[in-house]
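Quick one: the structure is below, questions incoming.
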Amino acid sequence: MNLMCILYSVVPTYQPAQKSQNKVRLSQVKVFDNNFKRRNMAEEYKSLHPIKYYRDCLAHDIRPDGRAFDKFRPVLLNIGSIDTTDGSAIAKVGKTTIVCGIKAELCKPKADTPNQGFVVPNLELPPLCSPKFRPGPPSDQAQVLTQLIADIIENSKCVDPKDLCIYPDKLAWCLFIDFVCLNYDGSLIDACIIALVGALHTLTLPSVDYDPSLDNKLVNLEDRKPIPIHSTLISTTFVIFDDKIILADPTVDEENYCTGIVTIVLKGDELCCVHKPGGSPITEDDLFDCIDKSKLRSPLIQNLIKTALKQK
Amino acid sequence: MALCEAEKTFVLHGVEENFRIDGREREDYRPMELETDIVSHAFGSARLRLANTDVLVAVKIEVDTPFPERPFEGKLEFFVDCSANATPDFEGRGGEGVAIEISNTLSAAYSSPNVFDLKKLCILKGKKCWKVYVDILLLECGGNLFDAVSLAVKAALWNTQVPLVKQIDIDGNNVEIKVSEELYDCRKLDVEKAPILVTVCKIGEHCIVDPNVAEEQCSVGSVVVAVSEDKFSTILQTGTGSLHMSTLVDCLQLGIKVAQRLDAALWDTLTLECYTCSTTEDESDTTCLDNPSGVVGGVTDCDKKYCIIVRVDYKDPRGKLASILRSCVDKPTYTNDVIEDETHRVYYRSCRTAKCNGGSGRSDSTSDDNGSLGDKSTIYCPGIGDGAVAVTVSFSILLFAYAFVRYVR
Amino acid sequence: MSKKIHIRLASQRVNTSVAVNQRYPKIFTPGQEITSHNEFMRGHGTYEEDTVLKASVAGVREQVNNLISVRPLKSRYNGDIGDVVVGRITEVQQKKMENSVLLLSSVNLPGGELRRRSVEDEHMMRQFLQEGDLISAEVQSVYSDGSLSLHTRSLRYGKLSQGVLVTVFPSLIKRSKTHFHNLPVGASIILGNNGLIWICPTINKVEEGVGGFVQNLEEVIPRQERETIGRITKLCISFSTE
Amino acid sequence: MKRGLFFNIDKSVRLQQINIISCVTMKELRDEPPICLPGQRLCLSDKIYTSGQGTYERRGYIYSQLAGYVDIVERDGVKVVEVHTSGEQTVVPTQGDIVTAQVYIITQQHCKCFIKCVGDAVLRRPFRAILRREDIRATEKDKADIYKSFRPGDIILARVLPITEAHTYQLSTAENELGVVIAHSEHGHPMVPISWTEMQCSKTYIKECRKVAKVVPENVDQETLKKRKKSE
Amino acid sequence: MPVDHKRINGPEETVPYSLFTKLNTKSLQQQFKEQVRDEKRSDNRLLLEHRKIFIKTGLVSQAKGSAYIEQGKTKVIVSVFDPREIPNRTDYSLKGEIYCEFKFATFSCTKRRLHQQDTEEKQYSALMKQALDSTVCRHEFPNFQVDIYAFVLHNDGSALSAAITAAGVALAHAGVPMYDLIVSATLGIQQNIKLLDPSVTEQWLCEMPVPLDGKVGNQGVIVMSMLQSHEQISQFYQVGNLSLEDITDSIKILENACKELIPLIQKHLVKHVLKTMKNKSEDK
């Protein structure tokens, strides 16, 4: 299956209303400084005074990429295109691209949880995806996000480690869920969670005949079964700009210049996780407003996942 | 060290002239010096000096489990350590790139089973195998690292003694191995086909081999070839330049030709030519005693360390030959000795140079001449031995000596 | 013959000593007693312990009247005013060019201002000299930390053109009246006091080739001269390591 | 620099049959600029055509370095063949370029800046640069004072001096058209220039000292600046 | 091995399940025969036929230039960034540097790979650098380095070639001055059978001697990168056991393969240029 053909030629299943005339020409942004009337002035202005540039834009009730404050970017999902994995998906939220690949290996369960397998998620932010990352060990951001995803998976119980046990105390599956960011343009968690759900739905594991007396394992590659998935997670990110304006589904620049960030993860209709790592405070009303907005978005994403699965 | 444009031009014109700055022709190597078996606690070792390039290789062997996907094979691993003493560039992590490049190239060169058969290192399928660690220490860099390292590695592997396995105990999943305790109960690794690396360096329009540091800087690009017998086991382009297709083929041709010469030279040095024959008093043919070079098939390329003579004479009649044996061994019973019993006198003679066991055996003339071993002061004048250059040396000395003041008067 | 590759065993090494006579001077090692007479004065390379004069470096004893000093066999180059040095540029800076006199121990001796005339000159510096270029120069002054200030004001000094550089121990070069020699065998040699020896084709006096900052890259040096240069290079190496 | 240009390419290339893909004429250029790709042979290099920006010369021909379009500029009777990228160009500041920089640290002797734009090209990654006290003004250099010329946060136009050290660029504002273009007063309000040494806050009307750039009329841009420098 | 505290680690010892499948009793010869039968390969290609290539630029909007390549099932993404200061370097260098990093995704191969670069990936990075060093006009950005990152999402053979080709396109997309376009191709050799652009199984089978018709002979894999209009080879890497004739033949085959790839790359880049020019004129 040609992965990018799907990513690019098929009309995305979920596309928020957005017309091209909505797009702000950079040159329309009003610039106060007379000295700056050169060809690339808007771009230069953006590079020199990014925060002011944003304020000027937002004062006109529009975001630099032409979206209204509460509009989401189009989401694309492609599943099962990497056949060296046991389950894989590629999710795009606007330009943010996340590849999720799941590889299953066999291992011995931990002594204190003999009937549980392992789920090992890791998010990789390679230097490829953005100029702000350097080669070497994972950045702080990657570590924080990895832990957040691990917590979300564990708390939501979308995969039950008990389902991954083959023979108590002897043999279990270990799912290595690796996320790789290919393009970092904000709302990373949203894209990760969509990719995760997509990949989990395509995940199949071969059946294993285990003989505990001899410690013999025999894997039947032909007999592959999906694992039970207990819930569908949807995550939505908002940023708070200048302590008052709330922007949905931020781009990387909006994330950089904002004063606070909130990520809301829903499990169906239930609230699963709210992640707000410091920054400017958010009022209760605003928070509920955000949750409502994510609730509205949730069925659309679920639909997208279903359509993607059907297409496969 | 960066060269200036003028120096580069000088080197370049020299290559075009087929008279390099140290007097060599394009296909000439600088003389080398090899020492084997110099690290006592290693299983095999070698040290090679090529002008100012100095490489020490030690081989260590351990018992290991084979890779699950290759149950029949042992393991071979190369590790290169770039000492900061070798060149100031290696300070800190400066040598890392070079180290990885050399070790990767060696692994690739030794990867084909036609070149080095890892199956011979297997002890028990899927359970036990030998793991050979080849540790390469760069002591000094004087150009042409790849070639020097590959020669030293081959010599060290040739020198390596793999202990013999006496007994294998299998108990369920546990396997225990007993290694022969006898120190000299070993086998050698089969390294006859082990690859030799040759760096062919392109300077201007010509290709040269064995570049020194200055020449390496002038090169637009070079090709490292690993040659085993008449086949390439690895080819790697290095340097920052690109090569035309025909140049690449030229380089390969030159590389394979030189590599075969180099391999032959190394083999000549490693192996020891000894007379091998024997005769007893009952035999009428005394060629072995009087003229060992006359014996048909009486000279062997030994891969042992010593040529020996064991001569047994009667005490009565005094000096009458009972038997004589010319041969080669790794460890002579007596290096140089005369042992007497009631009836016989036995002469043991051993030596380490080619065809040195040709004497009568009575005198000590075959003794090992390694008195200069401890003297490390000899240096190489690159290209010395090339007739054209050496002839007029004495003439220039006179003109020139006044320029120096030697404290050692 | 030349196509043959020579690999020899270390055990077959022969010592080729060119020394004409075998008379060696007495070499003192650090800590060795030189004299116990206390009428002598303590010079460089010596120290006094229990009224006994001992050597602090490995070298030969030198005596001037009552002053005893030990001259080390090998030592770092210590510059003196008026020394001729050959050096390689390691760094070009705005106001000065660092001239590292590369010793075997690879110690960088930052040299001082070579010249400074105008602001334009500063900016053009890189066009005269680049990293890696070889120059010959004279030591102008020595700073207290031992670093040298060089100058190239004479036409004899300047950027070096085609030739070969040989590095020997600085102590092997004797200070003499002239360090520039045109050898009758058809080559020129500059004996830098810092142990760097430059060997090049005969310099034509009329041209004043070395002076200034021009290099002739087009000129092809004929085989004959190359051979001569090759021989001298080897001689230098063999003399220095004997 | 030119000499070492092809040092890394093997010289023994056999001359191929001459095959000039787009022997461009001025006429063609006006309608639709021809597109070219890296390594594409553009035309012969001779007295009429010389290699310009985005191209290189090799064995008597001019080749393109970039994927973009060909532009021929006539300068002093010589037609300079240039290639411009269609997208953003990858540039690093070189000697003589006019750059836009932001001041971030000032000391007695120099101020440190980030170069944000080179000519018209906006950089994604800023480069570090340094502006020394003696390079602020063209005349009376000794009277210049960093504190009276720049403040952190100011946006300045400056010219790149010859590069002498590996990691930092040296800038100069010793021209009338160079100096502060955007500045904010201590209270954070934008300021407007009132003379070549002073700016005034648009809200509080407090005057502050700056080395102000002479306002260039809108239609005079980089090109003229460059030309002027050349004629000097 | 030290524990990686910056990632979430699974249990200490895990094994891929593929080791416990029903024993693969097929001999190498049989496996090879399955791949190549009557001059046809398992995916119906001819021996010297390249797989279909799909290229897309601009996928990584955060990077200066980027290219995504699909060569059969092999999927590689490459991004190029603006020149930046060379870390840990203080001396002046006339030429800029190229920094290449080649990485396989942990899930890109049959066997799971680690997050850290292993020796193979380091070797491939070095080969990529070798290929691109002579392609980029490095004198245009002295004292700076251009970062090039290649990431393999799915490895189905010839990943290094795909990465080098993609890197060439990404560099052109980034507007980095180059002497020429660069393309790369891989050739697998098993005795007298030469396989262009091998899949991962074919590549694996060419890396060891397979007895065919009862004899063992030459085998190897060659990766070659070319600058087309100057007919220069900028990178050449071979492993295995091959004679000089094999290699000269292979060079010719690879040269032709590279020549066939060039129009494809050119077409794509021209399209890209036209598109951006159109966008630009609209903006004005």
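Quick notes
Each chain gets a letter, A, B, C, D and E, in the order it is written, and its residues are counted from 1.
As a working rule, contacts are C-beta pairs under 8 Å (C-beta built on N, C-alpha and C of every residue); 3 or more make two chains touch, one makes a residue touch a chain.
It should be emphasised that the depicted structure is a prediction, and the values quoted were computed from it without experimental measurement.
Set against the C-alpha centre of subunit C, every other chain centre is closer than that of A.
Averaging Cα coordinates per chain and for the whole protein, the chain whose average falls nearest the overall one is E.
Set against one another, A-D and A-E show the most C-beta pairs in contact at A-E.
Separation between the centroids of subunit C and subunit D, computed from CA atoms only, is 45 Å.
The mean-CA centres of subunit A and subunit B are about 58 angstrom from one another, to the nearest whole unit. For the pair subunit B and subunit E, the distance between mean C-alpha positions equals 37 Å.
Those residues of subunit A in touch with two or more other chains are numbered 131.
Multi-chain contact residues of subunit C, defined as those touching 2 or more other chains: 92, 130-131.
Residue positions of subunit E touching 2 or more other chains: 15, 81-82, 91-92, 94, 133-134, 227, 230-232.
Of all residues in subunit E, only 64, 81-86, 89-95, 133-134, 137-144, 146, 172-181, 227-232, 266, 269-270, 272-274, 276-277, 280 touch subunit D in the complex they form.
By the touch rule above, subunit B contacts subunit C in their complex via residues 1-7, 9-10, 13-14, 17, 19, 21-25, 27-29, 31-36, 47, 88, 151, 261-262, 265-266, 268-269, 352-353, 369-370, 372-373, 375, 377-379, 381-389, 392-393, 395-397, 399-401, 403-409.
Across the interface of their complex, subunit A is touched by residues 4, 6-11, 13-18, 20-22, 54, 56, 59-63, 68, 70, 73, 75, 77-79, 81-82, 101, 103, 105-110, 112, 115, 147, 149-151, 153-155, 283 of subunit E. Listing the residues of subunit A that touch subunit E in their complex gives 2-5, 8, 25-27, 81-85, 88, 95, 97, 99, 101-108, 110, 118, 120-122, 124, 126-131, 135, 137-138, 142-143, 146-147, 150, 174, 176, 178, 180, 182-185, 206, 208, 217-221, 252. Residues 1, 4-5, 8-10, 13-14, 16, 35, 37-41, 54, 56, 58, 63, 65-69, 85-90, 92, 123-125, 127-128, 163-167 of subunit D are the ones that touch subunit E when the two sit in their complex.
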